[in-house]
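Next come two complexes built around chain A: one with chain B, the other with chain C.
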Partner chain A sequence: MDRSQHQRLDSIRRGQSELDNHLIDEFLGGYISRREFVRKGTVLGLGLPTLGAILAACGSTTSSTGGGALKKGGKMTVAIITPSGAIDPLKVSDEGGLAVLGQAGEYLAFSDKDLKLVPVLAESWQANSDGSVWTFKIRQGVKFNDGTPMTAKDVAFTVNLHADPANGSNARSVFKGVLSKGNTTAPDDTTVKFQLDAPNGNFPYLVSSDNYNLIILPSSYTGGYESSFIGTGPWKKTSFTTGQGVSYVQNPNYWDKSALNLDSLDLKFYADDQPRILALQGGTADVISQFSASVGQALLGNPNITVLALRSSAHRQIHMRTDKEPFTDKNVRQAMGLVLNRQQLVTQLLNGQSDLGNDSPFAPVFPSTDTSVAQRAQDVTQAKQLVTTAGKSGATVRLDTWNGYEIPQLAQLVKAGAAQAGINITLNVTDAGTYYGDAVFGKSPWLDSVMGITDYGHRGVPNVFLGAPLLSSGPWNSAHFKNTQYDDLVAKYVAAIDSATQRNLAGQIERLLLDQTPIIFPYFYKHMSASKTTVGSIEPTAMGHISLKTAGFKA
Partner chain B sequence: MGRFLLRRFGLALVTLWLLSIIVFVAAHVFPGDVGRRILGPFADPAAVASLNHQLGTDQPILSQYWSWLSGAVTGHLGTSLNYRDSVASLLGRAIGNSAKLGVVAFVLVVPLGILGGIVAALNRDRFLDRFITVAGLSAAVIPEFVWAIVVIILFGVVLRVLPVTAQAPEGSGVLTQLEYLILPAIALVLVLFGYIARITRAGMIEALDADYTRTAALKGLSWATVIRRHVLRNALLPTVAVVASQTGYLIGGLVVIELIFNYPGIGYLLFTAAQKKDFPLLQGGVMFVGLVYLTATLLADIAYSLLNPRIRYGSAE
Partner chain C sequence: MATAIDELVALPARQVARRERLRLLWHSPTFLLGLVVVAFWVLCALVGRLLVPHDPYLPDLLSRLKPPSAAHWFGTDDIGRDVFSRVIVGARGILTVAPLATLLGTVAGTSIGLVAGYFRGIVDEVLMRVVDAFLAVPVVITGMLGLVALGPSTATLILVIGFVFTPLIARTVRAAVLAEREMEYVQAGRLRKENALYMMFVEILPNVLGPVLVEFTVRLGYAIFATATLSFLGFGIQPPAADWGLNLHDQYIYLTGGLWWPVLFPALAIATLVVGVNLLADGLAQVYER
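So, the complex of A and B:
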């Protein structure tokens, strides 16, 4: 959006109520679609002329590229991030790799951009009364791209493959303590039963596209994914070149073939943001799956390009060792949270493409987040007072982090803020390998430093963020935060099935973490992707998936 | 000449072997292990251990080196730890691409640079000389990534006359491939032109001022013959050395250019191999780039000796 659009929008905004402006924010954030915006807007009483004016002022930033009939046929070129290693469903752990897995492969369910689960290979699912046993009904008539039929046995095989520690699957970090090997069974061809280690109310997310390694493989699978690209997905591989790209045509055996528009698809790998953005500007690529708001400013105001900004739970954590001076006193930790001007951070570092964090993992995007908990705002006077009362004024602390994304700039701003409250921070910015070290306590600046900044990717549910970095037993607990009341609340939250209970517990956790502040969550930044305006119906997710099932070119 | 070549060849082998040790040690003093680099900081420790076991990277360092060395001398470069693909095929593709780009850039910049240097020297202290020297140097001090972005934005985004990525679609003909390689080649020409022109100019001026040139002119030879037979032969000696030293860079050192033009060459491949501690790939690639450097220097030495009889006769004694 350019300056004049901003000004026009601001003048419209001034006349509206807070609720209306919230809706405008949601629409600008890409959280709701154009259609949903208009629907909710009319419910709130915004007249159609006003809605039209807002839409016009918002220019090209919409939440989906839908709208306008798509023609059948054509070949789309999509620039994605170069996968960091071999394409192996067990080993992929990066955005580029998972974007590739999602083309020839499919999941039981797809976690869409609003974090709703859309059934794919599963048609429905339900839990027993306490959420410890989940039963999934598997879609019938689905075939793998080599022609063999897919049944519940293949699903059970795939899940057990990932749950077995001997296979070294990346998905184990999700399944650990939730689902053990052998506890997924297929009593018949249409049913899969998951016997969990402990009750889990969000379990379906853990076998959806959120657990991106879990594309369903045939029970005959023995490895060698790169030569077969075996799966039930809409696209069948024709050629793959390591480090360069994959070409696909329609999968002739696809179960939902009538939904497909494109004849063929080219994924091109780009290692860096800048070339990816240039490829879209120069016309080499029709779609780019991801770019960072700080680099891609040029795309935001370009009338030939549609930018899709998705709210996400991806964030940075600023941890403070609760067992090390000067952070043993929670007042000092609170003070560090109070010195930050979050709105300004987001504007400076991320071109404003972000939600604010409230020092808990409950990102505004999660439906279970209790949004009635007040947002922590900058208050330097109070921060100074808290530090003085704690007797820690003039204390010096080292902040460790690594040189990537906007992290070094964030570290500078944290340092400047802390200085205002009387805490001197010295920075130690290394490369990622040094900062993460061996990723175990005692051998990793990430886990051992008194203060540090760590990057966390998007998750569809907050379970991982609530557990590993904050539970007393958490393997990534850099803050060395140990609080039994917190541990209890999280156990209850994880087991809760209905959303009212989840939201209630979320509120309690949010308040406890605001009081304790072991970790500052400054912001949850948006996932940005973009396409030519001639492209329609691509569906990116904040996780990094890009569903091209219904994608096509406008007629 | 034969003994000279043999000695250089033996030295080259020793250099390569030492290089392999340096790369191996350097790759192992970086913190973090291979499994962790591949799976990332958030992977389960058990998964990391099991991957390290599968890859053999939990073996003692010496036995890892030995298994690489014994494979390499028999022509087996092993399997990339990160890509799980044969190092030879990964390198082969990347080298082919790098060579294409290197050759296009070389063919453009070397004649242009030499011509620029000659013209500058012949117009010494006049406008044309100043222009070539100042423009060449100004272009050379601007880093390659800036030039790359400038030419992309100008020719690819604004004018839209050339593709912004360097990799032509599969199965393209030679002309199409050339079209795709022009922009990165232009960026390289801008960076290297000033350097080559300046060295040529300096050599030319020295030769033009030399007594033998005056003698040649005084004995009545035509100016063209003087330049061709007496000046150029002597003036180009330092240029040959400089061009040789840039050949290795053109083949193996274009990390940034390859990254910006999204070109799958060897520079970027090695860069990621180092990041992932992908030792077999890194080692194989560095050996190759080392070989290119050594060959280029050797060829330069031979060219040097053909141009300069003192060296040729000296080594034949």
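So, the complex of A and C:
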């Protein structure tokens, strides 16, 4: 770096906070990659122009993604998975539901396909020195689709609505232990302040599209979302039929109307992958949201179809009850982790559209993952030895799961592998509703079964995966794993702000979980969506959002 | 020296009729063709594991979804299992559930039909209205409701299919009993003040066995279809069983990719077994309804 670059960097540094400068130091010191610097910078609230200026001062440049020329007008048909319940911002907990929420609604920030946070209704954000208080500046001139202006008070109302346990919001799985009801305030019309329960270095993700329930609602909202589809998003509902689909036109009050290309939009609901794939192949749909790599082989080589495969942290968890036989002995749990041939699962079952899992929630896609931790590989001999040592050879256990995606196939592979180690597994494959039950302990095969396979969607940061299914107090702790050392490490990881500390703690957590193995994480699959080649500028995310704000047909 | 005619005259009429029916069956191409097809699948069900070239339950991901070849005559499925081996071994599941369910339905339905037809009056009215109520609901819906309530397993599948076929068989048997109850031997039994159970099960039942047997074979065809349907809908036998309906359920999603073999061969197996049983039923009906 020459003298003039140093001077430019110093002038940029002067306007930044302590945390921002720490991040710049990490980048200059070579501790984090350029990609991670940009991603982490967006979390801390450094805008893309600032990040670009810093990179330029360091002799690097930002890249931009160019899109082909799109014509104005037209109607796009998008085939998505049928929402599993009512379209209610508080209750939606599935991909179909969140894809609908994201059309008429908007978030404070959008967690894009590269896990970068793009400001939407928040223009910028900043943390205090320990990351326990975050202040967001709210975009001005935004209106809801009924013409009412959107202010910081609406933002505070929405977040408190979800943080209130009495409302039963799905977002509580993210907010529990992070943000309590009433701790989000709007000191003025442009500022929102979050006083956290504990320091949190990744907090902006938790109020972004990653926490998909959190579309901003007006402070007058009292429910009945399906009749209003109220929001600030680019699309305004014209009709909605339960189980069939939603039709939209451009929102006349949209704050960024010049970015829109399409006149109208149809979201059509399909219950299964196969008819959605047929709809795209037959031309009924222009775009399809997530499909399974194991089913959608026909699309992968089709010259008229563009397939978008996004690396993600979405995965399956194979839990083992640490308080029930035969899994009270960690040797048996480790053995179950050793019988799977993960490489074959990735290359064959998932057609290569997946990353290997290493029995912790730290997916390779997370920059904080410590990749120096040894990868667990298949070793049937050792597995058999571990089961024999534990005196559990010949034990019988039931594996509960549900009939979706490649889960039944995975269950059968686990059964075949376990048999080689001396554990006899019987399968109980039901529908999703039966498996998840009431999603509370005592009323859910998911949370009560001795062994089970559960699907988890993508998150931009591992916080939810580290907490809900693995903390001693976790509401989704199906393994009934209680380990104070683990709880302490996670608390430290969540509070950590700099990347080096996060990676160090991640390594400790990864090693602890490999040793204890309460849950097997066999792979992290890519999020696949597809469109006709005539379609441009759609932006799916691994979470399941499909942003169509700038989508259009090629000229 | 007694002639053959003398021997026949000496035999009881019932035995003569049975011999005649057997002779007709052995000369019925319909019955014989059905018998061959069903016997083949019964053989597969009994000793299928000894006949197959591969372990039908052993996954091999490196051989996933391979088309038919010399190594795998019917190809492999989505976790690399040999489809031919699974089709052969899969006969056991369906040929356990369907006949036992049909037998259960036949025993229960015959009993209800005998009681309703023999007593008539209020007993007949009540039983037949209950039967009508059950017949108003489609078989598959009743089956699915039963399996949801009891939980899917082989035992519950037998119970549920047997239960849904009971009303159908009861109605047929009742019609046959109504004709029989006016016969002189029944009137004579009543005059002798015979016990009702004795009259129904010892006097009348043997005389309505023909329609019961035909009904059993007809229902067996439907039971095979019902078993496969419930398995296909995900309400039947649990994986990794080689059950044909379950195989169809697991593999049909690959059709869009042109992968036809994991679906075609289990479907053909179901079709051949149903046709075989129906040919048997037709052959029996031709003989018993002469």
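Definition applied: the second predicted complex is superposed on the first by the 474 of 555 C-alpha atoms of A that agree within 3 Å, B and C clash if a C-alpha of one lies under 4 Å from a C-alpha of the other, contacts with A are read in each partner's own complex, and residues count from 1 in each chain.
The rule is simple: a residue touches a chain if its C-beta (ideal position, glycine included) is under 8 Å from a C-beta of that chain, and two chains touch if they have at least 3 such contacts.
Given the structure is predicted, the values throughout are model-derived calculations rather than measurements.
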Answer with clash or fit: chain B and chain C placed together on chain A by superposition.
fit
In the superposed arrangement, does chain B or chain C reach more residues of chain A?
B
A:Trp476 in the overlay: touching chain B, chain C, both, or neither? Say first, second, both or neither.
first
Pick one for A:Val307: touches chain B only (first), chain C only (second), both, or neither.
neither
May I ask you to decide whether A:Gln274 touches chain B, chain C, both, or neither, giving the answer as first, second, both or neither?
both
Partner chain in contact with A:Asn341 - chain B first, chain C second, else both or neither
second
When the two structures are overlaid on chain A, which partner does A:Ser173 contact: first (chain B), second (chain C), both, or neither?
first
Touched partner set for A:Ala411, first chain B, second chain C, both or neither
second
Going by the contact rule set out at the top, does A:Leu260 touch chain B (first), chain C (second), both, or neither?
neither
Superposed, chain B and chain C have a smallest C-alpha gap in Å of 6
Find the residues of chain A that appear in the contact set with chain B and again in the contact set with chain C.
272, 274, 278, 281
Name, in rising order, each residue of chain A that touches chain C in their complex.
272-274, 277-278, 281, 294-298, 341, 344-345, 348-349, 403, 408-409, 411-413, 415-416, 426-431
Which stretch or stretches of chain C touch chain A in the complex?
57-59, 61-62, 64, 78-80, 152, 234, 238-240, 250, 252-259
Parts of chain A lying in touch with chain B, wherever the complex brings them together
84-86, 88, 91, 93-94, 165-170, 172-173, 176, 226, 239, 241-244, 268-272, 274-276, 278-279, 281-284, 432-434, 436-440, 446, 468, 475-476
Can you name the residues of chain B that touch chain A in the complex?
30-33, 36-51, 54, 82-85, 90, 93, 149, 152-153, 156-157, 160, 163-165, 167, 170, 259-262, 264, 268-269, 272, 275-276
